[in-house]
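First chain A sits with chain B, and in the next complex the same chain sits with chain C.
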Partner chain A sequence: MSSLSVSTSPLPDEPFAADGVRVSRSAALQRYSLRARDPAKLAAVVGRELPGRIGGVTDGIAQLGPDEFLALLPVGTQLPSGEEEPVSVVDISSRAVGITVEGEGAAALIMSGCPLDLDRMAPGQATRTIYETVEMVLVRESETRFHIEVWRSFAPWLWQSLRLSAE
Partner chain B sequence: MLLIHCPYCDEKRPEIEFAYGGEAHIARPLDPSALSDEEWETYLFIRSNARGRHHERWRHIHGCGRFFNAVRDTVTDKFETTYKAGEERR
Partner chain C sequence: MSGYRVTGAGRVDRARTVAFTFDGQTYQGYEGDTLASALLASGVTLFGRSFKYHRPRGVMAAGVEDANALVSVTRGPGRFTPNLRATAVEIYEGLEASSQNRWPSLKTDMLAVNDRLGMFFPAGFYNKTFMWPRSFWEKLYEPTIRKMAGLGNSPTEIDPDHYTAAYVHCDLLVVGAGRAGLEAALAEAGSDKRVILIDEQNELGGWALSDPDQAQWLAQSVATLTAAANVRILTRCTAFGFYHDNFVGAVERLTDHLAQPGSGAREKLWRIRAGEVVLAQGAIERPLVFEGNDTPGVMLASAARTWLYRYGVAIGRRPALMASHDSGWQDAFAMAAGGVTISAIVDVRDTVDDALLRQAADLGIAVHLGSSVIGVSGRHKVTGVEIAANSGTGRKRIACDALMMAGGWTPTLHLWSHSKGTIAWDESLGAYVPDKANENVRCAGACSGQMDLGTGVVVPALPTPKDASRIKAFVDFQNDVTAKDIGLAVREGFKSIEHVKRYTTNGMATDQGKTSNINGLQLAATALGRPVVDVGLTTFRPPYTPQTFGALAGHAKDALFQATRKTGIDGWAQDNGAVFEPVSQWRRAWYFPQDGEDMHAAVNRECRAVRESVGIFDASTLGKIEVVGPDAAEFLNRMYTNPWKMLEPGRCRYGLLLREDGFITDDGVAGRISPNRFHVTTTTGGAARVLAMMEDYLQTEWPDLDVWLTSTTEQWSVIALQGPRARDVLSALDTDIDLSPEAFPHMSVRLGQICGVPVRLFRVSFTGELGFEINVPAEYGPAVWKQIVAAGQPYGITPYGTETMHVLRAEKGYIIVGQDTDGTVTPMDAGLNWAIGKKKKDFVGKRSLARPDIVAPGRKHLVGLLTEDPSLVLEEGAQIVADPAQPVPMTMLGHVTSSYWSEALGRSIAFALVAGGQERMDETLHIPMPGAVHKAQVSGMVFFDPEGARINV
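Our next item is the complex of A and B:
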């Protein structure tokens, strides 16, 4: 099953670059949606440390909401399903694709369609947000590098939109 | 653009990330079949439609995904406060 769970990307292979920014398709990832009312139980099931607050990222796991986490892990990583525990661990590897935006103009390019003030988003933060009308999860990996998680069917539109904004 | 304070994320976020959820603090009757038609109509449709201070639900749908309550002035469109779902009316 694991080879099927990470399928091909709907995005072009070739990155594009313009004006101090480079946009490329990210490598395939193993993605899990993790939910639990009690994060301590979830941490025990997956055997990893969880971020203590919304927006934090530790160990590839981002906290999106009070009870919601998104794990972005190397392909092939398997998390325990947590049977009989009050947690939900669901493989959603194929639901989204990743886009990497890097360069001096990365924040400005994303802010062309995203209403967040990225000057106030520190590296190592992650949040669900919106670009124009498309929902995405934005991870700031460093000052000049962002990772965007976007649903597969929205990805070509977002790619094209970023491309037009960059030009 | 309005900035709305999400009590779960504990920061001000742009309005476009949120969805409006109608008037707040309207409890669903525990036993709907015991209600008269008028009482049921009141529960379903009749709202305070306040001019001024209004309690309403919002959802941070493109963020943490949570419903919360807010007090907004319907004349000035200013948010007075927001608080988590389940907390006392303010």
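Our next item is the complex of A and C:
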């Protein structure tokens, strides 16, 4: 039988826009959860530089905790699994979907349900946080552009909540 | 003067008249009026009926502290709001307001008979009287009492409005925009601090709005703050609660004041995190306690001044003043300056400052020192007062049409108290003031006790020659608590103010004692003969004023009440007629009825398909955890009861997880993907809990282990393909995995590709049939599912839901943790001894399995039950007894945990937890159910294919 497996998203194709803010589904990404007690060993395994501090992002890899990194890379990027090494490399490309929130009102829209002080989050920062009851990873790409990573089954709820809050 | 409107005074906009109705009658006010000021201007004095006695009530205060004038406002279907304070309702064109707690009308309220019978309704009356018979409470007493006593009616329709919310952060939050609050904000206007200034009223200014002398300063201050880019001003916004770490909740009313509310949100919940909080909540004037103090037209002196100077409304043509504090005199003088004739000033003090006396003389106001009001005439409106010297002599009447009362000032400590700041008694104020802060918060202005309002004396109740047991002198107007109720509570032995509060209801509920707390406290302290500080103060609780449920719920209603998690395949299931059931946060396909089948017919058909050919099931909700690292096997060995270290890559094992106490908490199958990588599955409902439990052990008990946990529940779509033709269907698909039984035995896992996407293919079975679980990246789940369904058509592939899954697993004796276990079941109780690694030195829960109670005989065991009548399906949860003839209450041996009709066996089957069940094999037990007692025989739990021949093919 021929291979016809196409990717599906839980989010609508159509973006929505409201006063000073536009919300859209992000393009597909290759995602990895990267863990290690010693970041140097992890950097050696994946052959990439890692951010030096929690909240930093370097070449698509965000540091979420002392031993936790999230890689958001172009589709098709393969990282070595680091078998035998004291690291964990897990492909989670399909676990989450991305939502892009951009515009002058982007921060205000996210703060409708996110308790973080986004005035204190500089562009280039990333963190795990929540929107009301739903967990997400928030990446500030610029002053007016954010990328949200949310687990697949929670994505429709988050999309609809953002939509209502934007009204 | 037109009506009671005073020309030239007030901030209302005379150019803009506003028509509204109250109890169906049309009135006119001006823009800027509240419902209370507009009605007072029209000569209305009667606003409502009291909570318990149905006494006529007017407005007592001009702000949210008013405890009397509660009204309902309706704005069309579903938009009905009860218990609003008339003093806080802004009028708009077409406003429809009505009074509450009266029948048939406000003026003629039949339930006012309660007032005459008042001596039969003392504090605690309900608790004492309506205790017996117990069964009468729900059906008779409570409904009747609720009808007779109470506030407005609850809304009966769904609220069509929507409510929004936001978090906001600031360096300085100022609560209250009176003079002190404005000054605190002004000090930072233009600085680099982020400042938020909130006030519950429609305009900034607080008391300054009632004082024309401050008007110019106020206008300048507001202009400065409005122009300051670093200051966010929120009016019509109530800070209702102060929580940990300077977190303040506030609700902004966006549309309630608008004639055309539009389609925007009605209210906005602000969740404010502040570096520093300045509380400038002000102070509230205290009523005085005397007979008739609740008559319509008796009100706080400061309120009368506010009506005049903020709203241009005179409370009467000849009001009198009853004071125990200088501030009332100043209010009376200000009223006189505004053209209102003051008929008399009565002061309980024998002497007051000469300057006050001189000013009263200059204004020609009669003064009665050392005297008190002892009665008020008029039922719906004051027509006069009776006064007497404090000695009880010299009783005389004074003609007046309103009475102002000035009992001194109580700093508003509500939010300070929420923040757990301590308080100290200030003897000169006769009130508590803020003491030590518990957060980065300070009080400014009147709420800190800094007031320049003169002096006064504190009197719990005004002296009266009347029999104190025969009069009603109100302390808590909203809850209808009188001075004698507090005396009664003390006589009945309540010594703590917290107990007095609960017994009398003083200071409870929506009002939170704004005007009553200190008077109640003084009365209790006097009755107890103890200093006030020894009696304490009741705790203020959020919300400061009542807030709507809508504002607190926000978008969390209807479809957004909680995230309903759906798998990628959910859409296919919906298109194919699935009936769904919720399983934790997920919605799962329950069964797939065809052509009008009921659930049993559908499930029987689905079961037959799996046993005879092949079925397909969406198992994507199974919890999945990727356990990776050099110590992965060691970690699983410590967590689960089973041994893991010798499991070869490519093989799977059933894992049983216990809590520290030895009871089963979860189970699942794990596959060893590579030496240092496991794909662990958990129950659907246990996914988050198990991951948290594992992280807890890893971080606190074994931080030395090099192993990491990653939730992969949502990474994989899991398609279970089960039945004797499962391999045939899979073989028809494009895959590079050798599916032959020799190359791919039961309980193994292979990595490869299927339909062009990566797959982790498990050969596992929760049905007792040849089975596969196809794990593909979630985004490809729907596409792969459809291809399998297409490939399965020659075999009549049948989608099945959770109900069929439950039946099939029960036929095989497989338990479901959480259904067949309840947190008190050990592996031995569940017949799962085989899953315990006997040679293992330790695992979570191992030591508990040797506890005396766990090894004692007679524990409840999980066993099978076969009913004598094979067609009878027992009720899950039904109790089990040995002898149905024994007297009630019977000794219950246990209960039915799972029960189904088995299509494969042509009879019913059940599991049950039964005391000593493993020693009762073949014994007949009895299950009383509605209508009949049923017999069933204890059996093993594997009802179908006990040799397992069907799996290993």
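Keep in mind that, in the parts below, the second predicted complex is superposed on the first by the 160 of 167 C-alpha atoms of A that agree within 3 Å, B and C clash if a C-alpha of one lies under 4 Å from a C-alpha of the other, contacts with A are read in each partner's own complex, and residues count from 1 in each chain.
Rule of thumb we're sticking to: a residue touches a chain if its C-beta (ideal position, glycine included) is under 8 Å from a C-beta of that chain, and two chains touch if they have at least 3 such contacts.
The shown structure was predicted, so the numbers you read here are calculated from the model rather than taken from an experiment.
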Touched partner set for A:9, first chain B, second chain C, both or neither: second
First (chain B), second (chain C), both or neither touched by A:105: neither
First (chain B), second (chain C), both or neither touched by A:156: second
Touching partner for A:115 - first (chain B), second (chain C), both, neither: both
First (chain B), second (chain C), both or neither touched by A:94: second
Contacts of A:56 with chain B and chain C, given as first, second, both or neither: neither
Which of chain B and chain C A:20 touches, first, second, both or neither: neither
Which of chain B and chain C A:124 touches, first, second, both or neither: neither
Which superposed partner A:84 touches (first chain B, second chain C, both, neither): second
Chain B and chain C contact sites that coincide on chain A, given as residue numbers: 115-116
Touch list for chain B against partner chain A, complex: 1, 8-10, 13-14, 16-17, 62-66
Residue ranges of chain C touching chain A (in the complex, touch as defined): 162, 164-169, 194, 264-265, 271, 273, 554-556, 559-560, 562-568, 586, 626, 628-630, 674-677, 706-708, 710-716, 732-734, 755-757, 776-784, 787, 791
Residues of chain A defined as touching chain C within the complex: 1-10, 28, 33, 35-37, 67, 81, 83-96, 108, 111-117, 119-120, 132-134, 151-154, 156-158, 160-161, 164-165, 167
Chain A residues within the chain B interface of the complex: 54-55, 64-66, 68, 115-116, 127-130, 135
